[in-house]
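In the two complexes below, chain A is the common chain; its partner is chain B in one and chain C in the other.
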Partner chain A sequence: MLNILVVCGAGLGSSFACQMSVEAVLQDLGVKASVDHSDISSAAGSRADIIISGKNFESQFMRYDLPMELIFLDRLVDKNEIKEKLVPVLEAIGKL
Partner chain B sequence: MYGTYFTEDNVQFNVEALDWRDAIEKSVSLLRENGFVNREYASEVIKNVEEYGPYIVISPGIAIPHTRPENGALRVGVSLITLKYPIYFEGIEAPVKVMISFSATDHHKHLEIIKMIVNIVENGLIDNISNIDSVNDLNNLIGEDNR
Partner chain C sequence: MGIIDFIIDSVLTQASITIALIAFIGLLLQRKDFGEVMSGSFKTMLGFLVLSAGASIIVNSLIYFGKIFSEGFGMQGIVPSIEAINGQAMNDLGLGNQIAITFLAIFVVNIILARFTKWKYIFLTGQAILWMATMTTVFGSVAGFSGISLILMGGLVGGFFAVAMPAIAQPIVRKITGTNEIALGHFCTIGYVFAAGISKVIGKGSKSTEDIKFPKGLGFLSDTYLSVAFVMIPLYMITAAFAGASFGAELSGDVNYLVYAFLQAVEFVVGVYVLLAGVRLLLAEIVPAFRGIALKVVPDAKPALDCPVLFPYAPNAVTAGFVTTTIGTVIAMFVLPWFGLAMILPGMLTNFFAGGTAGIFMNAVGGRRGVLFGGIAHGFFITLLPALLVPHFNSFGFVNTTATDVDTVGAALVFQWIISPIMSLFS
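== the complex of A and B ==
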């Protein structure tokens, strides 16, 4: 199962809202995945295949050497932007 | 169903705020007055934004001030303010006109509030909300578009 983690500062609002938009996009694409949300401090130890977060977190993620695919969004609940950035990643890892 | 979240007690229209910090204080004060959070909550939200950047701005025009349950949340709750003068967050082009603050006590009980917020954004209602001035109109607007 493909695992996607959506990350924000508190790990329960912005990331939760983004998770809903990500789930809607995955459904449109017909891709099955388990999506969850968390705060940035627990993201580093995550074993997700893809992490999705806001642009403002990009520099903080770059401090860690994370093995998974990272996607950064300008707008957390913009399905068009999510689709635009998620599709190439899904293709790259053979999930689409 | 979403039309039941907002009452005269947790909504204020055309609030005047000096900057984003002041706007967060004013938005969160409605949560405090309703017993949803303690007095630490607003400063914890501000501290989070200072540390992580404006993650609470989830789409142009709207911010959703919130922080972790242990930072002063007492019950699950929500408030809404519209700003008389839009305010800017550092690094974000579009100013914020609507603030929906909420409190959460765990990772899931506030699901319905998040759904409502996502619906507002996806239905493009932020501009409409910033232009109304009655709780009735607000609930009709949100209620209609989500049924």
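== the complex of A and C ==
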């Protein structure tokens, strides 16, 4: 199963809102995945296939050498932007 | 009848079980399959109990801090933390059940108001609603409400805030995001509007914060738990140093008193981490269900979302608002005791989230100068309101702590200043 983790500072509000948008996009695309949300402190230890977070966290993630695909959004709940950035990644890892 | 009494007296009085049952019914109504119903209900219960565990960690750390603070400085130092208030209300005051049901009542009132008024906002920030339910329950029960009336009053007041706060923020949110599709659902909104007002007056014609280059080193502060630790560790260690080695040793046993203070500060962060992990589990089933129902009942609804959703629109303003708000809270910490109010220590969680969001608001209407002066005023404002509640919290038995998010403080003051006097007219 494809694992996607959505990340924000506290792992409560905006990552959850973003998760719901990601789930809606995945449903449109017909891709099955398990999506969860978390805080940035624990994200580096995660084993998700794709991590999605806000642009403002990009520099935080760059300090680690993470094996998974990373997506950074300007607008966390904008389904068009999510789709635009998620589709190439899904294609690259052969899930679409 | 024995079995019914047993269920009512021994099972339903356990808030974790009640809330699991609520999730269970909700999942059944959504026609989820059996496995999802069971795992969802169990996770909700687990979340509630994890939350309680986090709360007791926080409280233990705060009790220690209270002791060294009063020894070191000869006065009470209050740590503002809505998480700690919620934890103590649920664990020690036994209000967990009422809070859980009020939480649902706020959702219901929110949907009704969004359906029948022109405020089409659906408040999706679950933890903010939990804090609101906590405050209306605590202050409602002190005002003399109990049982159904307590839940009804909490639902009405909380539900009103859930649509009114996004509504007053929307003109500026529209300016920030350039669309009218999302709204802000965060109970610090009175502070944002206040700060934006100051910024607008002072900052006319000032340039945007987004042209400033900030040092990259400050980036770690966007990591919530690190930024809390960043402040709590020096705070505890300096306080322990003032309290002195001999007093510190009484509390720390075999461990060096400064090392112990360091560990207790980290313990506080651990408590916040565990508590919020519990909240995450607790809300994982409830919020999507609420969203699904709300969007069916209110077709043209606007989702009101948690504040960091706005952060990518003006990241510099977030840092600037955080810094200027913190300056304001430090000033207020020293100034308020002169007026006979408690000494409120800077609350870093709120300073970051509320200060950062206020920064975006202030930048949108008053640029850099607006963020500087508006932010200091904002910090002062969000310290003053919780300071007004300290005597009440002390008399209810809360330990060295007060609420944060100013809208929930506003709701508490509605109970204290308006509803309570009206109630006493009738009794």
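By definition in this document, the second predicted complex is superposed on the first by the 96 of 96 C-alpha atoms of A that agree within 3 Å, B and C clash if a C-alpha of one lies under 4 Å from a C-alpha of the other, contacts with A are read in each partner's own complex, and residues count from 1 in each chain.
Keep this in mind: contacts are C-beta pairs under 8 Å (C-beta built on N, C-alpha and C of every residue); 3 or more make two chains touch, one makes a residue touch a chain.
In this text the structure is predicted, and so the values were computed from the model without any measurement.
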{"item": "Chain A as common anchor, with chain B and chain C clashing or fitting", "value": "clash"}
{"item": "First (chain B), second (chain C), both or neither touched by A:Gly54", "value": "both"}
{"item": "Touching partner for A:Cys8 - first (chain B), second (chain C), both, neither", "value": "both"}
{"item": "Touched partner set for A:Phe16, first chain B, second chain C, both or neither", "value": "both"}
{"item": "Which superposed partner A:Ile40 touches (first chain B, second chain C, both, neither)", "value": "both"}
{"item": "Partner chain(s) touched by A:Lys79 [first = chain B, second = chain C, both, neither]", "value": "first"}
{"item": "On chain A, positions contacted by chain B and by chain C", "value": "8-14, 16-18, 20, 37, 39-40, 54, 56-57, 60, 75-77"}
{"item": "Touch list for chain A against partner chain C, complex", "value": "8-14, 16-18, 20, 37-41, 54-57, 59-60, 73-77"}
{"item": "Footprint of chain B on chain A - complex, ascending", "value": "8-14, 16-18, 20-21, 37, 39-40, 54, 56-57, 60, 75-79"}
{"item": "Chain A contact footprint on chain C (complex, rising order)", "value": "124-128, 177, 182, 186, 216, 219-220, 222-226, 273, 276-277, 279-280, 283, 287-288, 291, 303, 305-309, 311-313, 315, 318, 349, 352-353"}
{"item": "Chain A-facing residues of chain B, complex", "value": "48-49, 51-56, 58-60, 64, 66-69, 91, 102, 104, 107, 110-111, 114-115, 117-118, 121-122"}
